[in-house]
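Each of the next two complexes has chain A plus one other chain: chain B in the first, chain C in the second.
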Partner chain A sequence: MIYELVKKETKEHIFSRKGIGFLFIVSILLSIMSFGFISVKELSLLDQPSIVMTTFKLLLGINILISMVIGSTMVAGEKEKGTLESLLLTPLTKRKIIIGKLIAILVFWLTVTLISLPYFIVLSNGTSMLPTILFYLYVVGTVLVISFSSIALIFSTILASTKNAMIVGLMIFLITLVPMFLSTTMKKAGFAKLIQSYSPISASMKTMKDLFINKLGALDILVGMVPVFVFFVLALSVSLLISKKVDFLGGE
Partner chain B sequence: MIKTIGLRKVYNNDYEAVKHLDLNVGRGDIYGFLGPNGAGKTTTIRMLTGLIEPTEGMVFFNDREVSKGKQELKNNIGVLPESHGYYEWMTGKQYLLFFASLYGMNKASRIQRTNDVLEMVDLTEKANIRIHQYSRGMKQRLGIARTLLHEPQIIFLDEPTLGLDPQGQKDIENILVQLNKEQGVTIFITSHLLKDIERICNRVAIVQRGSLLVEDTIPSLLTTYEAMIEKENVNLEDVFFFLTDEKRGESKHDL
Partner chain C sequence: MNKQLISLLLMLILLMVPQISSAESQENTSIFQIKIISPEQITDYPGKDVNIKISVKNMTDKEIKDVFTYITMANISKTWTVNLEDYSADQPITIGTISPHEEKIVELPIKLVYSADYYLYTTVLSKDSLNITSSHAIPVKILGNTRLVPLQVQIVSIAVPLLLLIALALTFKQRRAASA
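On to the complex of A and B.
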């Protein structure tokens, strides 16, 4: 039952014109970056770990952005088109509807990781970074994508329009990104410090750096990763709880 | 088959869309649920089909309270919501197969049943065309086909003829009568086309501003109001206006 829903969602949002467009953008970006790293002198002076990290950061950032855009459309879009009511009237439970849509977003992420794999293999050529990259793609990346997508799906469920759902979802994503725009000194004070220490995105980037450059051990990495997993558990459980309780047709 | 006791719905804690409704829909009925715009018809259907929770009151489906068995209800009712949309990128057949799978049918019965319902609504020839190329009437017939996939005991249709031309209305009417006669499907329908309702329904309820004005079989309704309406050959439309106008008159007095 849920499999059929996943199939429909994937056809509609992932392997549709829009979804393939997104995939195309991701591959173009990867190509431009890799080409830049290899050909442009200054950039190619960067050490390989930095190159891999920057590429991963960008890939994950863009993918989360796209996932949130897709996630916001998934429920609110069905409200706008008037198809949600019929879906809710089938034996599918609200929770299964949310899970089905979440899985479809994951299909997108898996496709993106497959596209990016050859690039990472080339960029990490001659080093032993590949296993770590795979860990970040398939464990950390997947966990982050699920977390942010479920947030997008929550707002898509609560709010009546795709536009509003997208705005609120993206705001949350941007907040977790704040540290990236701040200088090192600014990161040490007040609100910025708070986000810096608790943002799952910051945590994942920091641990990656710790692994590649500071060469910290597994335990330190695990501790550094705590915000990522706390965020994951919170986002997913809240969305699954809400999906059961909330009036999907509310906000009309 | 459907029975409600004191059904009430308050939106946002301040707007009472449905006030204490007691309805009775019998097995095999074609039940017309009538009322002016904003009377609370759609709200009532949403409560009957378990889509929204009543603020107060109870709904019984085959003597079982609905709030206690949502899945059982879902498996036995078909619903065509008010202003519904379609996955326009699918073909009519894909659309039906998709919903059939959500009802848990296996592949063979999915295909068989999809072909059967397509036949019932006369869409077999258009089955492999994408829905965005369908006319309004075809979409509406496809919607009715969808409500029938899992062989429900009762179907709820919220203004199924909205925006259709006379031929389209006639087609839907014929489909419904045939379904009722040949397969014994109970039909709960709202519509503003009182002449059609009079022709196909055996029972009607008229609601206004969330309150039930009357619920009766059509012949008995006409007999009751014949004396009060000073006109020959009273029809459903006369009764409808008589009841809803009188109410308006009263509320004017109140002011």
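On to the complex of A and C.
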């Protein structure tokens, strides 16, 4: 039964005009960036690990955003369309409904990784980075996308409208991005330092650098990844716990 | 008469020389001494973070307040100065007050970014003085190791969006056929 739900969600959100449109936008952005690496004077001076890292940052940023948009519409959208009732009448438990929706987002992410693979292959040409790229894409990338999608699903469950769920979810994503907009000095103190230390995004960026440039060992990488995994466990657990709240809108 | 005139001119020139050199030496007298302790040169790949260890010494008998130091880098390959914001080295490091003849050791961080040959030097100054001192430069070589094949990048950058555009057009066509 959960397979049927995943199939329905995948058809509705990924292999639909909207989903393919999103994939097309992702590919256009990756193409523009890749063209930049061979044509823009300053970008063409970058070395290949930095090129791969820049591409990863773009890919992750865009996909977390898209996954959050999809996640925000998944429960609140059903409430707004009035289709949640029929979903709740199926033998699926509320927890399984949330798991099914998360699997659908995972399918979207896996489709995106397939689209991005040709770019990574040509951008890492002549280096031995491909296994590291695949590890980062399928381990770190997947964990981050599922974590933020879970956050979107939490707000989609507790809030009645898609718009509100999307705004709150995206605000949380933007807060984790704060250190990226600040100078090195500002990151060393106060609130920015706090976010820099605990933000899963900052930790993933640092791990990316340790992996591709500093070439640190597995233990250092795992220690650096702790905030990412803690965030993943917390976000996933809360989204599954909050699944009890998947219910009709008042007055239905 | 000629001899007398030449002697007079020579005397005048000789009198002027010490004055000129004294003015020049006054201009060159620096209140600081700044040296790059380490590294002596940098040769590395982009992405690496490097700390430039420098020593700043107050050469005067007076205390100097509000002292700060910063990095400057010149791209020797392209003969231009570098915007150090990209290299996370655009912010100066505040040293504060330096006592007479005191020497302070400071570390200035810089991230290697774009592949090229550079000269890196540090500068120290105080709000109290217009006398600005720079260190000797160290050579910096940021190695490029790109093996990108532009044709491959171009093919992928065109082919992938094109395939997705075809898929998008097909979904539109299917929908139109279904509604008809």
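Structure notes:
By our rule, the second predicted complex is superposed on the first by the 244 of 252 C-alpha atoms of A that agree within 3 Å, B and C clash if a C-alpha of one lies under 4 Å from a C-alpha of the other, contacts with A are read in each partner's own complex, and residues count from 1 in each chain.
The definition used in the following text is that contacts are C-beta pairs under 8 Å (C-beta built on N, C-alpha and C of every residue); 3 or more make two chains touch, one makes a residue touch a chain.
Small disclaimer: the values here were computed from a predicted structure and weren't measured.
On the shared subunit chain A, the superposed partners chain B and chain C are arranged side by side without overlap.
Legend: residue contacts after superposition of the two complexes on their common chain; A:193 is shown touching neither chain B nor chain C. When both complexes are overlaid on chain A, the residue A:8 reaches chain B alone and has no touch with chain C. Once the two complexes are laid over each other on the shared chain, residue contacts for A:115 go to chain C alone; chain B is not touched.
Judged by the touch definition given at the top, the superposed model places A:209 against chain C, while chain B stays out of reach. Judged by the touch definition given at the top, the superposed model places A:247 against chain B, while chain C stays out of reach.
In the superposed model, A:23 lies in contact with chain C only, and not with chain B.
Taking chain A as the reference, the larger set of touched residues comes from C, when chain B and chain C are compared.
When the shared chain is aligned, no partner comes close enough to touch A:95: not chain B, not chain C.
After overlaying the two complexes on the shared chain, residue contacts for A:82 are found with chain B alone; chain C is out of touch.
In the superposition on chain A, A:37 makes contact with chain C only, not with chain B. Once both structures are fitted on chain A, no C-alpha atom of chain B lies closer than 8 Å to one of chain C. Within chain A, the residues touching chain B in one complex and chain C in the other are 16.
Those residues of chain C whose C-beta lies close enough to touch chain A in the complex are 45-48, 88, 90-91, 109, 113-116, 143-150, 152-161, 164-165, 167-168, 171-172, 175.
Residues 16-17, 20-21, 23-24, 27-28, 30-32, 34-35, 37-38, 42, 44-51, 53, 115, 118-119, 121-123, 125-127, 183-185, 209, 212-214 of chain A touch chain C in their complex.
Taken together, the chain A residues at the contact with chain B in this complex read 1, 4-5, 8, 11-12, 16, 81-83, 85-92, 247, 249.
Looking at the complex, you find that chain B touches chain A at residues 46, 49, 51-52, 71, 74-75, 77, 79, 81, 83-87, 89, 98-99, 101-104, 146.
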